[in-house]
Each structure stands twice: as structure tokens, then as C-alpha cells.
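Common to both upcoming complexes is chain A, partnered first by chain B, then by chain C.
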Partner chain A sequence: MRPSVRTLQMAPATLYYVALFLIPLLMLAVYSFYSVESFEPVPKLTLDNYVEAATSDVFRGFYLRTLRVALTVALIVTLISFPFAFVLNYVLPARKHVVYFMVLVSLFGGYIVRVYAWRNIMGREGVVNQTLLGLGVVDRPVTLFLNSELAVIVALVNYLIPFGILPIYAAMQNVPVGQVEAAQDLGGSRWLAARRVVLPLTSQGCVAAFAISFIATSAEWVTPQLLGGTGDQLIGNQIQHQFGGGLNWPLGAALALTMVVLVVALLGLAYAVIRRWLR
Partner chain B sequence: MKKRWLLAAAVSSALLVLTACGSSDDTSESQGPVKENACENATINFIGLEGEEGKVELEDWREERGTKLVSSWPGDWAQLIAAIKVGQPFELSTIPYHWAQRMIAAEVVQPIDTSRLTNWDKVASGLAESPSLRGEDGEIYGVPIAWGDAPYIYAPDRVSNPPKSITDLLDPSWKGRFVLFDAPDSPFYLLAKAHGFDESPLLTQEQLDVVVADAAKLVDNAAAFQSNYQDANDRLINKDVDLAVGGWEAQVAWAEEKGVTLDFGFFDEGRHGWWDGLAIPSTSENVDCAYEYIDQMISTEVQAELATNLVSGAVNTDAFDLVEGDAQSYDYSVVTGGANSDDFASSTPPEEVADGYMNYQDWLDAWQKIKS
Partner chain C sequence: MRNPMATRSTRALARAYLIAVLAFLFAPLVVVVLFSFHSVPRMSLPFEGFSLRWYDEVLHDPVVIDAMMRSATAAVLTGLLSGILGLSIALALVGARQRVRAATMVAALIPLTFPSLLYAIGLAICYHYFDVGYSLKATIGGHVIIALPFVFIVLSASLDRFRFSLLEAAFDLGASPWLAFRKITLPLILPAVIGATVLAMALSTDEFVVAFFTAGQEKTLPLLLYARINQGLDPSLNAIGTILLVATTGLAWLSAVRTAKES
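For the complex of A and B:
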């Protein structure tokens, strides 16, 4: 029995998915049931790691903070991305390729470079403070910008906005300009057309933008470390600690998988709410 | 047919996962006398801190012998342990004071017979006799090659009255003005000393509770956690903070290169020392060469050059007068049994402690709780 052309066409993607996603995820799942002896994971199966991940006050604090920050970032990214994509597609159709290219160009900058750039922008002698001082809004540098949850959120929003715009913009390609014009011809404002016509028809793109931002933020640990204060670390920092200094890979794996379950559950809930709201 | 394929795929995946998750018990301990010129035409695989592998200092020595040095710089100490645990062969590794006990307990390094090292007798007594080098079996597992005394670094133009005690930093006036490492070592050790717990880093549960209460205030007052010394310097130079707890004298020189003046100081609670050493990983395939290389690394001339380059303390007593530059600023009496030798103490408790005392894992757990 020879494999069909369709099977062969799917093979590279399937292999890629299995090798780089499924097997690592399975390994993580296996490790999460291991025990630790002499700082080494050993195959003595236990549920203790999940019990600790679910019941520890320490981790609860990190989970709640992570979900709060992820929700905030995802909402802001989606709320900015939708109007941006709308303007790009319907208000500036003649220049949309140039602007779209600029959105893509912003992804070229290295992630770490961006984080350090934000440090310079929000620092005591950074651009924001210099501007505020120059305008006379403040008489001394504001220290609240850097080393704060605000700094983490601003940097993540900036980083994730292109990832929010792209799926919404892609979804808008399937909404004919004629439908928007028809809404306006019938007396609707541009805002009403966007809200009542375009938004429901691009809800999948909005959900994708929200999901991408939420998932990316919930896995973050570098930005909180470099831009956050001592009380702004996320669950990603704890997972990194367990795989690093804590030398407790099984607990790190259990924390990571618990977070995956939480994220999937919350995204499912968010999806249902958005669908209902847009109906 | 499809079912058979699925079954085969499932079994293969399961085997792959289990194989990948399996631990390696490969350890090789070379025994017997050290061969002369064991490094001739040999390759030394090193894993550890960049700059502490003798890349510059032993370049000519290696060239004479046709010895090749291949260095790996792990992201953190857990990566180093993992790399050795999974069986990657390394002749040499860095062993830092605060991870020495973990590396020994994890059995990734092998005991070192110091009688094979011709320069061992020149190693300062405060370092050679340190319990932190030794395992529970009393064997030595690391040979120090550099040391320091963990000062705090500050910007004198913004800090006219440097803190005398670490408890000064609990004052609201210091809120958001300093950084510290994301580790309990230095804060717990110093705060315990400030409370008069003289056995620090050995603390009872009650003592640790007292320390943790203060440490929580300290963490709350800190602006951020510094990732490393360079990160702390960037923040000091950018004027985002005024002081960094847990520093290195070299930071003053780095700032000078950028035209910024920084200074260092010590809390009244005392200095707590750090040392970095070389160890022979359990996976070493050329133990004799490892011994020869380590011996060279603690020789007088190499030590003087290494200390000068790293701006750290030399471990070889004959090298003390030969170090140059900022490395001369070290108070060598702390490692030679001089008046301040008590100050050169390890800031971390061992993994195994007597009943009633808290071990390093307890410290780490308490630290995570503070951050949550």
C-alpha cells in the first residue's frame, strides 16, 4: 500500500511538529512525574510536583500575577491592533503595503535589544524623563517607569503588537471593502462600520491576536527580569529557576504544564466570551 | 495497516522520550600516577566561566605542548551540572564557591589529590583549608584560582554617606535606589550577622525567620534584581540605581573606562568571600592532563597574570606581590590567616547541616517565598 500524495505532502510538517513540539512536550510531561535525588531527576513516579504546583502559596502568587499581566497585555495588544489594521486596510488602502512592510520591519529588531532600548527610554535619565523634565511636567526624574510592572507591560505590548496586527489584517482581507462602504452609505459612521461589520467578520483574527499575546506573555521571563522590579517576576521566572538554580526539573516541568492547562482553559473561556459578545 | 503504523509510531515516540529522559550514570575516575606531559597534543574540554580557563595566561604553555583548549560557557551553573550529568566529556570545569557543595553532592566532580599538585602548598591557607572546597567525605573537590570579598559598589556622586550596615538599606530613603542579586546568599548572611547570629550562615529556623522578615523589606526596597555584574554597572552608570549589593572591585575599573566614577565599600557585618576554582568533572577523559593544567593555573606567574586580568585576588601567596593594577587593592590578610581572616567566610550554608539548622535549599525556598 503506497502512501497517498496527500500523506507525503503532510509528512514534513508532521515530522516537524512531532519532533519539535510533541516529543519535547511528552518529555516535559514524563519529567513532571519524576522525583529528584542528588539534584538529578530520577524515574520514581510521583504526583508531588503537581500537588506543590497547585497548592503552594508561593506559586499561586506567581500564577495570579502572570495571568493578570498576560490578560492586560493581550487586551491592550488586541485593542491597538484592530484599529491599526482597520486604518491600514480601509482608510489608507493606497499606502497599506508600505505601512504593512513597516509593521514587519519592526519585527527585525532583536528582542533583547528592544528590552534594553526600553531600559534607556524609561530610565531615570531616559527619553521619557528628559521629555517630562524639558516640558516642566515634573521637576525631578520619575523612577516609577523602570523596574515596574508598567515597564514589563509596555515592553511586551510594543513587542507583541506586530503579532496582533498580522492575524487581524489577514482576516480583514476577507472582508470586502464594498461591505464597509455599504454600511457607510446607509448612514453608519466609520466607527460603526468597523464595530458592526468588520469586527464580527474578523473575530477569528482578533481571537488569534489575543491568544498569541496571551500565550507569549504567560511564558515570559526575560522581560520581567530586565525591566521588572523585585516584585514583578512571573511564573516563567519560577520555571526558569527550577530548571536552573533550583535544580528541580520535575517541579519546573509540572509548573510549566500546569501553566499550559491554565492558559488553554482561560483562552477557551475568553474565546467563548468574545464569540458571544460579537454575536 | 494504519493502526500498525500508529502503534509503531507510538512505541517509537515512547522509547525516544524515555531514552531522552533517562539519566546517565557514566562517570569515569582515572586512577594512578599523573603522567608527565600528559597534555602533550591533548585537547582540554573546559566548561565554566569565560576568562577563568587560562585562555590568555596559558596560551604559550599550550602552544609548546600542542595542547588545544576548547571552552564551553554555560548560561548558568545548573546547565553546567546538566551537561556533565548527561555524560558530556570535560577535562576541567569551573567550580564556584556558592555552587561547590551542590556540584559535589550531584557527583559531577571528582576528588582531587592535592599531593599531585606541586603548587598546592602555595595556595593561601584561608582558601586551601576552606570547608567549602570539601565534600562530606573530607576530600577536596576544587582548587581555587581566584577570589574576592563581595563589596558593595556605589556611585559616590549620589551617595555621600555610604551605608555602614546592610540594615541601612531597609530605610525608606533607600527605596528603589539599589539592586541585588536574585539569590539569598549575601542578604541572608549579612542580615543574620547584623542580628548577631554569629554562626551565620548556619541558622536555626527561628533565626532564619527573623532574617527572612528583614530580607523581605530589603527586597521590597530594592529597585530590581541584577542579572550579573555588568548589568549592575549598566544600571549604576545610567543612574537608574545608586548602589549594588554584592559586587566586584573590577566594576570600578569597568566604569572608569566609560568615564564614570564608582567606588566600593563593605558593610560592618563583614566581608564574605567568594572563590572560583577548577574541578575535574566526573566525565573527564584525561585526568592526568587536568591535574597538570590545574597545577599550572595556580603557579606563581600565571596567578599574578590571572589576578591582574580578572581584577581578583591571587590564590598563590608568592603571587601576591606580583599582581598589578586594581587587583592590588585586595586585602590579602583575609586569606592568609591574618587579622581579618574570619571575614572570609562562605555566605551559604552547606547542603547537609546538623539537626536544628537550615540548609541551602531552605534558604532558596524562603527566598522564593519572599519574591511571590
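For the complex of A and C:
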């Protein structure tokens, strides 16, 4: 095939990417330096938005909480996903295609539907409370579940587990079966084989599982809004607020990009730590 | 497969673990589906009896029907557009050098690493700046970007299995590039293209964040569900949720089956 034909074939997708991916992200970056005059973004370039994002006590609280929740969720997701993938691939391989398929399909099991379901399950008038009341176990609805950080974490872990399982499981498909068996033939226990052979060889998958969960949580706003209390809102809620009622798009853009910088820095750090630990 | 790794008790423990995690994964979905068939407006056990009243209510609600139509439109157009763009990249990469393919792969996967909130607000700024306005079309524009990396993953997996010798044989036998494309390349990658297109439809149907910031008044089904959650819990929401679930998981299942069949 001549290169000119290839260029022609690449052109539509490339143009589409530039127009609807690169330019929007570029605009986001540019807007983060804009000023606001009477609720309208104006092209007067300033660093004020970043200064506010970095120095405001309010935002610092949101950033710290977001990073803490993201770290918790990513750790739990990875810790649940690795044994799941391991069991599926090594201990119970007979059913692995069916179960893998279920996990894959549940990945598409409705983002907003899940949040709604948890609200339903944990809310004042939710399934848990209504059932407890109906059975006479409690005489007033328990308000402990909904509007708490716990609810946010449970819902996010629930939503992200498939994203954790899939990369680890995929990485396990590339581990030579012989190496695992060799470790056992040499007298290693199952756990030793898992720790010394499978874990290092699937570390990329584990890192992917951790990173995906961490990034997804760091920009989350629907889950905390619908399941968290006022004290459990994340930086994503602040960003969304600036684009909604807050009407300060440049500040919202700066808040979002500051979050990206924080996430990239922390993931880099986490990656270094995990690699050390796995060695 | 020989499985020396498990004694009977570990196998029982392992099975219990798998079932527990799967139960946790599907619990919220089961609750929604179950109570969408509940005959009384109460979301609690014990279950009083089955009824289709919530579906009857929802399917006679013009606002819900409008949202369903918009979601369906977005899914079909996202599928077609990302399928065509993905196919054209895939064709460009048939026979390309490994380095070119790897570089394209990396470039195509970059959007996956961006949280959708970031992309959504960037897109919203962009539409505002260029006076495009917010509409279903605007949302579809973003959904294609969200779907393209997945389309590309499916298509490049198919390309990895592509037998170039068949193409060479066709050329040796005097086939024109067009004939070779129609008789060899297209039939070989078509299942993957269809699988990828259906996957893009599932992603679009489920997508919330980009739609939230770009759809304006033209609310899709997930946006309608969100708006109604904010108005208060109502048993008919279970029916909306179930319809949405059946659409997304059905499409995902279809796509996985198609892709599995091909490999």
C-alpha cells in the first residue's frame, strides 16, 4: 500500500482526535489562566486561579480528602482483585471463561444505575432500613449508612472492581504456566508461588488496576454527591460546582488541572514504592 | 488442565471467595431489577408480588420515551462514527510496520488515561467558546472520543491475528487492491468491526459525565435517571434503571460474544 493511501486512511480519525480531544484539553488549559469579570470568563491571563487552588484552606481540605479516599478505594480494589484473578486463573480454572465474561459484562452494568441502587439500598427509605423496620429490628430508620464516606467508598469499590480484575487477569494470561509449576515442583507452597512468581510477573496489571481506580476516584463527583454527606464531598464536586452554580469556569479548570498534577505525582511515587516492594 | 495447586478445602475457600465478590458486584443491580417488578410502591423485603405497573407507568411517560430515543440515537451514531473512524485506522495499519502500529496504539489509548470529568469540562468549554451550543449532537461528538480507544483495542487485537500471507497471495494472483480488500481484508476483520461498534454503543448508552456537561436540555436516559434521583426516590426509577441496565449489559454481552466468536 502506498503511503499516500495510508495517510488518507489515517486522516479522518486523526482530524477527529485533534478537533474533539486535543483542542478541548488545550482550551481547558488556556481557560485555567483566564479571569472572570461579572460571571464571564475573559481572556485576561492570570495565575490567580492556581494560586487560589494551591493556597485556599477550603480546597486543600478537598484535595486531601480526595487523595485519601482515592488511595483507600484503589488499595481495596487492588486487594480484592488480585486474589480474585488469581483464584480464577490458577485455583478454579474450569469456570474461568464464564466468570471472566460475567466480570466483563458487569463493567458495563450502569454507572448511574449503581449509584442509584446504593442510595436505594442504604438510604433512609432504602431496602436495608425498610426491611429492618419491617422486621422490627429497629424502630427508627438507621441514618448511619447513607451520606457517609463509607457509602462513597463502598459504591466506588463496587463500581471499580471489574476495572481492577481485568488488567490483573489479562497480565496473568502472559505468565508462563511452567514457571508457576516449577516453583511448586521445587517445593514452594501455593502462596510462595503466588508471591514470588505470579505477583512480580503481573505487577504491571496490579499497577494498572491501582492507577485506574485511583484516577477514576480522583475525578469522581456523582457518587459523593448522591451518597456522601456534606463533609464527604470530593474535589470533583468543587470542580463541577464551578461549572454549574459557581459560574467560575477558569477556577474550575485550574482546580481540575491541579488535581491532575497531584494524581500524576502521587501515582509516580506509588509506582516506585510498589516496584520496590515487589522486588 | 492439571491443577496441582489446590486441595479440596482451598478449592472450597476459593469458590466461596469468587461467589462473595460476584455477589457484591451484582447485588446493587439485582436490587434494582427485583424492585422494578414489585407490585407495591415500597422498596423493602418481604417481596409482595410481581407486577409490571412501573414499566407501564414509565413507558407511558413521554419524558422517559424522549430520553430513551435520544440514548438510542446517541448509541447508534456513536457506534457508526467510531466504527468508521476505527476501521479506517485499522485499514491504514494493515501491513504497517510494527513501530508505526505501536505508536498509533499509544496515541489512541491516551484518552483512556484521562478522567472523564476533565475531558467533559474541556469539551464543554470548547463548545461554548466556538458557539456550538449544548445538544445531543455535542454529546455524541464526545462519546465517539470515549469509545474510540475501545474500538481501537478490539480492532488491533483482530489485526494481530491478520494473516498477511492471504493478502500477498491475492496480489500474486493479480487481484486489484480493491478486490483484495473486498474479498479478504473486509471479511476477515468484519466481525471485529461489528463487535467494536456494538461495544461503542454500550459505552455511549452508559456514559454520564460527558453527557451531563454537553447535552444541555436534550437529556439522555442516564441524565434523566440522575435528575429524577435528585427529585426523590420513586419506585418507577427502578424500571428506568432496569431498562438502562438491559440495554448496556445486553450490548456489552453481544459485543463480547461477537469478538469471542472471531478469535
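The rule is simple: the second predicted complex is superposed on the first by the 239 of 279 C-alpha atoms of A that agree within 3 Å, B and C clash if a C-alpha of one lies under 4 Å from a C-alpha of the other, contacts with A are read in each partner's own complex, and residues count from 1 in each chain.
Here is the rule we use: a contact is a pair of C-beta atoms (placed from the backbone, for glycine too) under 8 Å apart; a residue touches a chain by one contact, two chains touch by 3 or more.
This one's a predicted model, so the numbers in the text were calculated from it and none came from an experiment.
In the superposed model, A:L226 lies in contact with both chain B and chain C. The partner that reaches more residues of chain A, of the two candidates chain B and chain C, is C. When the shared chain is aligned, no partner comes close enough to touch A:A182: not chain B, not chain C.
Of the two partner chains placed by the overlay, only chain C lies in contact with A:G110; chain B stays clear of it. Of the two partner chains placed around the shared chain by superposition, neither chain B nor chain C is touched by A:L47. Looking at the shared chain after the overlay, A:Y90 reaches chain C, while chain B stays out of its contact range. In the superposition on chain A, contact of A:I23 is made with both chain B and chain C.
Applying the stated contact rule after C-alpha superposition, one finds that A:F101 touches chain C and leaves chain B untouched. Once the two complexes are laid over each other on the shared chain, residue contacts for A:E125 go to chain B and to chain C alike.
1, 23, 27, 31, 119-120, 123, 125, 226, 243 are the residues of chain A that lie in the contact sets of both chain B and chain C, per the superposition on chain A. On the side of chain B, the complex with chain A involves touching residues 1, 13, 16-18, 20-23, 75-79, 81, 85, 102, 105-107, 176, 182-183, 219-220, 222-225, 227, 231, 234, 238-240, 364-365, 368-369, 371-372. The touching residues of chain A, counted against chain B in their complex, run 1, 18, 22-23, 26-27, 30-31, 34, 38-43, 57-62, 119-120, 123-125, 143, 146-147, 225-226, 228-231, 233, 238, 241, 243-247.
The touching residues of chain C, when paired with chain A in their complex, are 1, 3-6, 10-11, 14-15, 17-18, 21-22, 24-29, 31-32, 35, 42-46, 84-86, 88-89, 91-92, 94-96, 104, 107, 111, 113-119, 121-126, 129, 141-142, 144-145, 148, 177, 202-203, 206-209, 213, 222, 225-226, 229, 233, 237-238, 241, 244-245, 248-249, 251-253, 256.
Considering their complex, residues 1, 6-7, 9-10, 12-13, 16-17, 20-21, 23-25, 27-28, 31, 80, 83-84, 87-88, 90-93, 99, 101-121, 123, 125-127, 129-131, 133-134, 158, 161-162, 180-181, 184, 190, 193, 215-216, 218-222, 226, 236, 239-240, 243, 249, 252-253, 256-257, 260 of chain A touch chain C.
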